[in-house]
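Naming follows writing order (A, B, C, D, E and F), and every chain is counted from residue 1.
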Amino acid sequence: MATDFRLKDQLPQLTKRLVDTYASLGTINHLGHCPLPNYEEVISVIHDLNEILYPGFRSREGLHRGNVEFYVGDLVDRLHDCLTRQIGRALRHEAGATDSCTEEEDYEALGQAKTLLFLDRLPELRSTLATDVQAAYDGDPACKCRDEVIFCYPGLEAITVYRLAHLLYELDIPFIPRMMSEWAHSRTGIDIHPGATIGNYFFIDHGTGVVIGETCHIGEHVKVYQGVTLGALSFDTDGEGNLVRGQKRHPTIEDRVVIYANATILGGETVIGHDAVIGSSVWITRSVAPRTTVLLEKPQLRMRAEV
Amino acid sequence: MATDFRLKDQLPQLTKRLVDTYASLGTINHLGHCPLPNYEEVISVIHDLNEILYPGFRSREGLHRGNVEFYVGDLVDRLHDCLTRQIGRALRHEAGATDSCTEEEDYEALGQAKTLLFLDRLPELRSTLATDVQAAYDGDPACKCRDEVIFCYPGLEAITVYRLAHLLYELDIPFIPRMMSEWAHSRTGIDIHPGATIGNYFFIDHGTGVVIGETCHIGEHVKVYQGVTLGALSFDTDGEGNLVRGQKRHPTIEDRVVIYANATILGGETVIGHDAVIGSSVWITRSVAPRTTVLLEKPQLRMRAEV
Amino acid sequence: MATDFRLKDQLPQLTKRLVDTYASLGTINHLGHCPLPNYEEVISVIHDLNEILYPGFRSREGLHRGNVEFYVGDLVDRLHDCLTRQIGRALRHEAGATDSCTEEEDYEALGQAKTLLFLDRLPELRSTLATDVQAAYDGDPACKCRDEVIFCYPGLEAITVYRLAHLLYELDIPFIPRMMSEWAHSRTGIDIHPGATIGNYFFIDHGTGVVIGETCHIGEHVKVYQGVTLGALSFDTDGEGNLVRGQKRHPTIEDRVVIYANATILGGETVIGHDAVIGSSVWITRSVAPRTTVLLEKPQLRMRAEV
Amino acid sequence: MATDFRLKDQLPQLTKRLVDTYASLGTINHLGHCPLPNYEEVISVIHDLNEILYPGFRSREGLHRGNVEFYVGDLVDRLHDCLTRQIGRALRHEAGATDSCTEEEDYEALGQAKTLLFLDRLPELRSTLATDVQAAYDGDPACKCRDEVIFCYPGLEAITVYRLAHLLYELDIPFIPRMMSEWAHSRTGIDIHPGATIGNYFFIDHGTGVVIGETCHIGEHVKVYQGVTLGALSFDTDGEGNLVRGQKRHPTIEDRVVIYANATILGGETVIGHDAVIGSSVWITRSVAPRTTVLLEKPQLRMRAEV
Amino acid sequence: MATDFRLKDQLPQLTKRLVDTYASLGTINHLGHCPLPNYEEVISVIHDLNEILYPGFRSREGLHRGNVEFYVGDLVDRLHDCLTRQIGRALRHEAGATDSCTEEEDYEALGQAKTLLFLDRLPELRSTLATDVQAAYDGDPACKCRDEVIFCYPGLEAITVYRLAHLLYELDIPFIPRMMSEWAHSRTGIDIHPGATIGNYFFIDHGTGVVIGETCHIGEHVKVYQGVTLGALSFDTDGEGNLVRGQKRHPTIEDRVVIYANATILGGETVIGHDAVIGSSVWITRSVAPRTTVLLEKPQLRMRAEV
Amino acid sequence: MATDFRLKDQLPQLTKRLVDTYASLGTINHLGHCPLPNYEEVISVIHDLNEILYPGFRSREGLHRGNVEFYVGDLVDRLHDCLTRQIGRALRHEAGATDSCTEEEDYEALGQAKTLLFLDRLPELRSTLATDVQAAYDGDPACKCRDEVIFCYPGLEAITVYRLAHLLYELDIPFIPRMMSEWAHSRTGIDIHPGATIGNYFFIDHGTGVVIGETCHIGEHVKVYQGVTLGALSFDTDGEGNLVRGQKRHPTIEDRVVIYANATILGGETVIGHDAVIGSSVWITRSVAPRTTVLLEKPQLRMRAEV
């Protein structure tokens, strides 16, 4: 090796220059505060919840009626403790807690209360997820059996995480829902904001590139294909040019609508009526009446035969 | 910590409610059955196959002619054992095996037979993959050398997994091909169904959002860019409204076709003739003659200069 | 188990056939050479750089002004050693080094020199990243606070890795920039070539499917949404049909341009003038004047009400 | 690096020579047989049993009455499966099973039966262990509280593993008891053969070098210090010079005996009567009456003052 | 597999019986309390302290004057946090803290205060350890260089852990010193109670079986070989038969004493005068004058020539 | 938590004080030098060698004649590389290499040469180890079969590591033999110096506390029990009081000698003649004629019956 150790003498000086930027550029570091929610912990929560929601399909083998209550009871207890801690951290951070950390107990108690409300919703959530699995089986001719959906379908993975994150979002828990949904986004390419509301029997096929915005309302039995955007048309700004946050900016999709690949539907006032079909690559910024099929007009293509 | 232990007293009751849903919602749990194929094992198989297919490029360093046979021979032996077990599980599960597991040995013997057929195809597969690497080098002006393709190109990663999964698919092995292709999908955003048939010298650039359906036929020397969908136009249903499964639903792409980014080609009877070029964002549901270039017509844009 | 051990007798023969292909298909194996850059090491470098760039937000908890210099100083030292080694390997491999490895020290010394130049740029890079965080907060009405951007936004993750990879690219380091950018691509679906040049205050929302080509020039305060392609129109070939490498093939985007979802902008001579707005799904191959808004014309849709 | 790759050419030849010894020296390799009990699995069984026997003291934190049944129930289920498999392997191996492995199911069924008998004894075992903990607290003036015994005392660790191994030994399970006791030996320096029988309230202090032979009988309330050997005097051989296996070769220690450090007691017919005290470093090969104290006579020392 | 799933039906009943013993045998479980010090954390503290005390000899390679302050500063900070937490737990547990855990902060503050006192002693401790290393080099003719002592000598490992545990013992920290010393005991067979006081230049050779009791006083330049016991002669009991705790029960060893293998020295009033030599296997319960050599008298052996 | 962050302000000052001792106490740190042999690497070498010496008994399951050559060949190759590197480091360090590391290649070449000599001895070593296994089976009436010896006997574990370390010692490799033998010492309590010479059919039973010195000569068919010391009588010093290193200081044990538990045999000129038997706890500093049995004379015990 020809590493020259003397050249490393400049590293302490470089370190000092870096550390100086932590004072001058304080917005992108987080020093001296109480800890933020821990990413690895939040992801492990998703894994454990998947074990509970789909027992026998994930890591743990050999579950049967005689042992599953032990397994689930043990996981629920650990989830309680882990979520209590992470939600407490998220609440404290949002509240702009000071360095002294002297009030932590209050946030942790609040975290526990919200954790219990969240866990209480899980049995009901399984009913909803069963409809999503059924919808995937009914909607994909390449699907051989329901187990395949639970095993392999990224759409179901993204929807499951969305439904968990949405429960937390409804409980006004900051940061964590978004951390969860971005984890699912990273794995599936499907970006569903935890704030969206989505009915039963939801099916996303292939899914890469799907974006579903924060204020979307989606009914039941809706099917969505890869690359579909349910987005905002434009953003209102207030008199000082700042974004107005909190408005309905994304469309409403009624029951039994099918939206084919790469279609784009924009705008908070756009309503796609029930039983409508939106064709592949269609771009829509206005409402569509129920039972309407919208397709690209015979495409304007330029054909050029090779000489 | 202000966690109130008494509040945890409700967790056993919650556990019971969750477990009750395992009886009432039995479609989304898998209890008391013989084990399903193990996801981690299947993924480790992909990693080991990559070590064999591209020796010296993946984890193991220091391979040379004198030791590579030992390394590969040891991996092949382990792959045999692991695949035999996982394929046996998949076959048993598909057969609707009962709880008693008394017939396991038959499925494992069948698993071994299929494993040997699969492994036997690997030397030949390397020839095919060499053409894919060459195609990437020939097709991307940003590519400096072939090694870079093997090292960094998500397209090659997705195609490699597809070709492995396709071999398993041809052997009528359930679940595992799809588990493999969804793993590649998650890492690359490229979703190639293991049932598709694809010729040599296949190149996918960038790749995010590419979807290639189960019944596609793709010739040799085909190039595909990000966001391309080779999909189904609509799904036939039988008299009772159920999907008809097994038909050719996806297009045929002949030799030397280039399909630019975000183009959409739909329908089982659509044939893109050899040497055709399909432009970016084009949407096609009909066949295209050989040697034809299809581009978007001068786009209908609304230009609005700012006041 | 019904595994038949005698059937395994064919595995050594299979191994031999595989190893034979390493001679006959030598382009896709790497035997007997000095080691290539190690993928896991390169990824760990990204993780460590993230710890330095956004201290307190990633793995390490409990950082404060009193200990952060120790933490960062220790990381910088380890980064120096690791990068020196990996860059040395990359340089040696690019130089077509022979089996004997006798010249390794020269490449490692060169690797150290480039490493020091790279590390020297990090303090300045933090200023740039602070503008990117600000741009995300300013640009997304769903964003509650800056911390959320650093924590959850895949756009920022991709941009951060791009900016690191770009520094290495500017230092003429082979392989490693691309390995980094493909890692980010895999996690975010955002594919930014390390060769692109991108100004401050860059924001990518959602991001899946974004492709930014090697020779793009992007100004300051630019916003890009999911599925946007900034690509090449066609590739020039020389007299012998080989690709001409190294030309400007991708567009120029001036300051304060907004490009909405799934828009496609192609061509090395295409310039999108400052303050222009490119609408969702628009397809452009020509330059656009400053301050122009380009939208899809009232789309040509076929509406069909159900009978 | 100056590694000479050509010198590595002799390694394949060396490998061949090594492999040749597997045929010529077949007693010390185990090829082509069904698998032996797995060491890591057996050790993990000890860890899990410790979690059950001393809940709240080992790895898992936060156990309370509300969750402990879930935790223990889940562990018991996993222990059942793991022990069934490992005991089945041990039984099969002892039976000299052939290569074909066709009878494995019989051994696994037998393994399960023995596993259930073993698990059934655990509640009762806790009563015995509670007496051992009490004995350590009563016997060591340096001990501050009972928790310290469970936490830190190697004597209790060795006794716990002995009591578990002894249960398995009584069930005629081969290999596994000895694997367990050697693990404890390695950690504590205390070597208790699983065949020994030992009463309640057993205490070993410090313990390094203690050896307790296979046919020892030890009563209740016995205390033993470091370096004590309860061993065999000599081994009988049969007419052909082979060892006679299975005789009582080790001493009997009656209730309330104390044996101080480094004492040696040998012989299968040696009985140390109840309430006897055996002094440090004493060497005994004959029986000692009850209530007798045996000390080294005023030691024969040679004192030599320095000139 | 022939596992009979119906036989597993008895496991829940077994679990219940086990859990019932947690109420009836409450002394050997720890349920519903605040957590005990964590064993893995305590051991990791020892590892980190070794990195600081002998930098460059343990895990971290590549330390030099330019980076060692960063490395050590970062470790010290983490040690502070980890020890504060674990010492807080130990203090709370010793105080018989109730289930409610409402007072944790007090114990953690106390833990921090003690942690800072402990860390403050580390620079001075290095001076002492340097004398121990020197003593080993001077005392073992098989030792080639000082580095070998730090690298390989179990005696130094045990002494180092003892000296750390003794610092904590002096600060009245419960549990943790003993956890540390038992860890060293397990690895080296050397059992030094943290309460003993031991002077500089202490050397233990081989060491297996060495026991040094809680109230030993050992001077400077003392050498001890394997199997040496410095123990108690007998234990006083009070009127009710309970052990009297806290008395001086173990011997005093003055400066420059050498104690050869397997010697036993007992009693709190026994003083081995300075410069004495205690021969191998000698058993002593009375004081020995300075500068005296004590050897076994010509041993009483029975020689029997074979016929 | 009540951690007071302000109190942590003293940690940087403490760090500085610690780092200052690295200059003032330079003998116990290793800064700015080329790296020492890596402990974890050396231990992994032992594990790999065990896999080769006893194939089928250690971690890897499923070995049979068809795959064992691949497995062993791959391990041998990796062992070559790893040992070459570690031996090179050890040689460089012993040579007092300077900071500049410029001569590393020479040491690495020397390391490779010694590695090849070492590996070349492994086939022959297996013959020797087979005699040791046989000796254990023949010598222990509690032993049921040879497999149990390989699986569970700490004596065999220690002897195996000794024989490996001795091969390295004979090749004049510094540090590494001792690191290996201390690892075995830690696990088994058996301390055999790598310099001792030991014949075939060596058996150590129980073993804790056994010490075998550097210059011992041990013949064939020797049996040794726990606590046996084969040590030095006293150390010669030269005129300046320094130890004379390198003399024969430890006894010679001829063929077929049995040495029972806790016996002590001292002195470089002490010879225990062939076929002698040394009884338990005997202490010997003179030679013993062949075929002699040496026992403790009827021990001088003080019996005291309780009143």
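By our rule, contacts are C-beta pairs under 8 Å (C-beta built on N, C-alpha and C of every residue); 3 or more make two chains touch, one makes a residue touch a chain.
A quick map from chain label to UniProt name: A, B, C, D, E, F = Serine acetyltransferase.
Keep in mind that this is a model prediction, so the values were computed, not measured.
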{"item": "Angle, in degrees to the nearest 5, of the Cα rotation that carries subunit C onto subunit D", "value": "180"}
{"item": "Subunit B against subunit A, contact positions shared by both copies (same if over half, else different)", "value": "different"}
{"item": "Centroid spacing, where centroids are CA-atom means, of subunit D and subunit F in whole angstrom", "value": "24"}
{"item": "Centroid spacing, where centroids are CA-atom means, of subunit C and subunit F in whole angstrom", "value": "51"}
{"item": "Multi-chain contact sites of subunit E, meaning residues that touch two or more partners", "value": "1, 3, 5, 8, 11-12, 15, 32, 62, 64, 66-67, 69-70, 72-73, 76-77, 81, 104, 189, 208-209, 227, 262, 281, 296, 300"}
{"item": "Residues of subunit E defined as touching subunit C within the complex", "value": "62, 66-67, 69-74, 76-77, 81"}
{"item": "Interface residues, subunit B side, partner subunit C - complex", "value": "52-59, 61-65, 68-69, 72-73, 76-77, 80-81, 84, 104-106, 108-109, 112-113, 116, 119-120, 122-123, 126-127, 129-130, 133-134, 138-142, 144-148, 150-154, 187-189, 206, 208-209, 225-227, 261-262, 280-281, 296, 299-306"}
{"item": "Footprint of subunit C on subunit A - complex, ascending", "value": "1-4, 7-8, 10-12, 14-22, 25, 27-33, 35-36, 38-40, 93-94, 174-175, 178-179, 182, 185-186, 189, 191, 193, 195, 208-211, 213-214, 227, 229, 231-232, 235, 243-247, 249, 262, 264, 266, 275, 281-284, 288-289, 291-297, 300"}
{"item": "Subunit F-facing residues of subunit C, complex", "value": "5, 8-9, 11-12, 15, 64, 66-67, 70"}
